[in-house]
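Each structure below appears as structure tokens.
Two complexes are shown next, each including chain A; its partner changes from chain B in the first to chain C in the second.
And now, the complex of A and B:
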């Protein structure tokens, strides 16, 4: 019960404490307007170049929309502790680091799901995409899986922040890689093999694939394998983040590599 | 097994290894703490004094589990700080000075709620403990405000009641808030909390601490009650001179005067405060003023030594 409390209440408090974009102006501009215009940009570009149809770009960008909040949010969940000088308090906590930090991912994932749903709605309203009503529960599942995987991916990058001060560089590069390698805007069969392989290990690749199948009315059965792969990728990053946090914290005690104040 | 001692440290050492440069890396080894032995009784208010870089914060970080000692052992209430970190962390608090250490975007209440979760305060106790804490630090009625709206002193007062290790808590705090902070710390110690306090303010240490260790060069140079440390400067006399633009040569000349034991200079803006300690039976005031001839002077005073003078003598002799 206390573990759930730490994950739930602790995670929500940490979200409000550490997420930079909670003000209405920042939230609307960065997390709602930005992805919507990005969706329109790629959809019109796609029409012009006749790369793929609107559904490809709308669904892809809706899944991708969660990544800004989740990847950067996951990074902020660790890196901003340094900014506020609160890392020492967290590292001196007798509670499990894994629970503390996994709990922090949950609000970001929920936030990502909201943003993805909003972006999809904008695609429907502005570009006239039709999605069968029966596909909506499955789509929500795919967007949630993508958001969760992105959150744990962001936490992994944030864990690097315990070792490297300029972790935002890594987050920025990662956001660009998600745009390129996950197939949300560039059809993956046009990419070199190594890029396809890397893309398979990144979050949202499989969520985008599942979401497209669902939006096309193919049903949850058809989308389930991709959905499963997305959850597996997310679980992989959750474990990797927990390991890195453990390793870097131990290293900081041994080598004094961390400025905790 | 919990010990009767709050803190026991034996032969505590910490070495830092740094590396700078990529092509031709330069490695440096710094011995920050060089073998510290100390015991602190339960409920004792223990002061750690020393100049910057003396090893105070490193010592505290080893005691509170943030750093692993290079050598030696330390136990908090009998629990080893390296092997039994969780047990140790359940029993300690850590407050550091300066303008950081709280979540700016959260209210005082939410900061405390989050720290309560982090430190595993049972849910049934949280509401009562937080209310008591807010009352204690005089923030009742302002608990919903974001802490970024608080003065620095008020922000630090949020930490106080849970604390064992206070690392320069009054740094940058206005005098009124500092007095309240001292009252709170004294109250915590009176309530049975063991407090380890590092500070640069001698009056604060003198007023609060049951015992004080003076650290310099990573080693304890002196350990005792404030009265015992003050007696280190017994048999001395202090001349204080306010001056403007004293050259280094004049300070060297003061150090060479017969009977002078210590000379220190404190810059206070354009003003320099020279403190000259001498043997009590030697009147150096005339010689000091002669050496400073031609330099603009302010107040000149002769007085009995204080804890600060004893501290200067101890650190100077190290």
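And now, the complex of A and C:
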């Protein structure tokens, strides 16, 4: 119970303190308007090139919409501690840092789910996508799995912030690569093999596949394998983030570079 | 002559400043190539390989706009963070002469995106750089730099008033890419977007580059791009002065 409390309350407090985009203007502009415009851009490009139908782009970009909050949120969860001079205090805590940092992913994942759902709604309202009502619970599950996996991916990038000073480069480039490699905007059979392989190891890829199956009315049974793979990818990043945080924390202490900016 | 010297030295200084930032350099190097790759695979998947050069040029221009937008939003915000915005506004020259180089420099450095996407397309995907009007392409590129730089000034002038300029700048990438027809032809967009697209310098800059690439009347598009850019410059200058006075009166100039 104490561990759950640490994850829940600790995560919520860290979200309020460290997430730069909580003001209404930043939240609306960056996290709601931005993904909606991205969805419209790719939907119209797809229509013009006749690469795929609207559903492909709307559902794919809705799942991807979670990545902005999650990738940058995960980075902020670690990098901003250093920026505000509080990283040392966190690392002095007697509680498990793995639990502390895993807890921080939860608000970002919840936020990502909200943004993804909003973007999907915009796709329905602006581009006339029709989704069977029976698919909605499964879709919510797919969006949640994608957001959670993306949150742990963001935390992994944030962990790199303990080693590399300019972690924003890593998160910006990673966010751009998600656009290309996850098959959200380009059908994966049109990509080279190595890009498909890398995409399999990234969050969003399998969640987008599951969400597309569900939006097409194929049911949870058809989407379950892809959903399972997405959760597996998320679990992989959770373990990787914990390992990197431990290794880089030890190295930062040894080199006395914990709070070097 | 003094004005031109101020603008030129300001632009070079800002470009040098940007080149010292690992973040700016890394973003400028990588993001345009990712966008170009995405565009190539999308156009290939759409069975339109004959338009790959057009796609590479469009992706490059997207990179120029992204650079201008980030630079315009960041120009004011960055000066605020550094505590130099008040000093800039205290200079005896008109504020536009100090802020325009900040946005023009981002258009100049953003041109790397255009060159990089064309070279990336040629070297990695074998897209021949077979321009219909090579000279006009150079002129269109210069017009784009000027037009986008002046458009950036108009945006930057509004950012003087806003504490969170990034909130406005962050979501403006895709709408301008879309409305200006950089990759998606304007004709496939809803009819109500046409008047908005028509008054954007980016639309005519993109059109000039596309016509120089595949053929068409380049010079009228260059002329309209520069004319609209000049309108943005005049508007930006007026707004900058007015917003600066309001920010001074409300004592919010340096508040981040």
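Here, the second predicted complex is superposed on the first by the 258 of 261 C-alpha atoms of A that agree within 3 Å, B and C clash if a C-alpha of one lies under 4 Å from a C-alpha of the other, contacts with A are read in each partner's own complex, and residues count from 1 in each chain.
Note that in this section contacts are C-beta pairs under 8 Å (C-beta built on N, C-alpha and C of every residue); 3 or more make two chains touch, one makes a residue touch a chain.
Fair warning: this is a prediction, and the values are worked out from it, not measured in the lab.
When the two structures are aligned on the shared chain, A:28 is found in touch with chain C, with no touch to chain B. With both structures placed on the common chain, the touch criterion links A:173 to chain C but leaves chain B unconnected. Applying the stated contact rule after C-alpha superposition, one finds that A:185 touches chain C and leaves chain B untouched. By the document's definition of touching, of the two partners only chain C reaches A:48; chain B does not.
When both complexes are overlaid on chain A, the residue A:136 reaches neither chain B nor chain C.
By the touch criterion defined above, A:89 lies against chain B but remains apart from chain C after alignment on the C-alpha atoms of chain A.
Residue ranges on chain A touching chain B, taken from their complex, read 2, 5-6, 9-10, 13-14, 16-18, 22, 84-86, 88-95, 100, 252-256, 260-261.
For chain C in complex with chain A, the residues that touch the partner chain are 22-23, 26-27, 30-31, 34-35, 37-38, 41-48, 162, 164, 166-168, 170-171, 173-175, 177-178, 183-185, 188-189. Across the complex, chain A is touched by residues 14, 16-17, 61, 64-68, 86, 89-90, 92, 94, 96, 98, 100-106, 110, 113-115, 117-120, 122-123 of chain B. Residues 23, 25-26, 28-30, 33-34, 37-38, 40-41, 44-51, 166, 168-169, 172-173, 176-177, 179-180, 185-187, 190-191 of chain A are the ones that touch chain C when the two sit in their complex.
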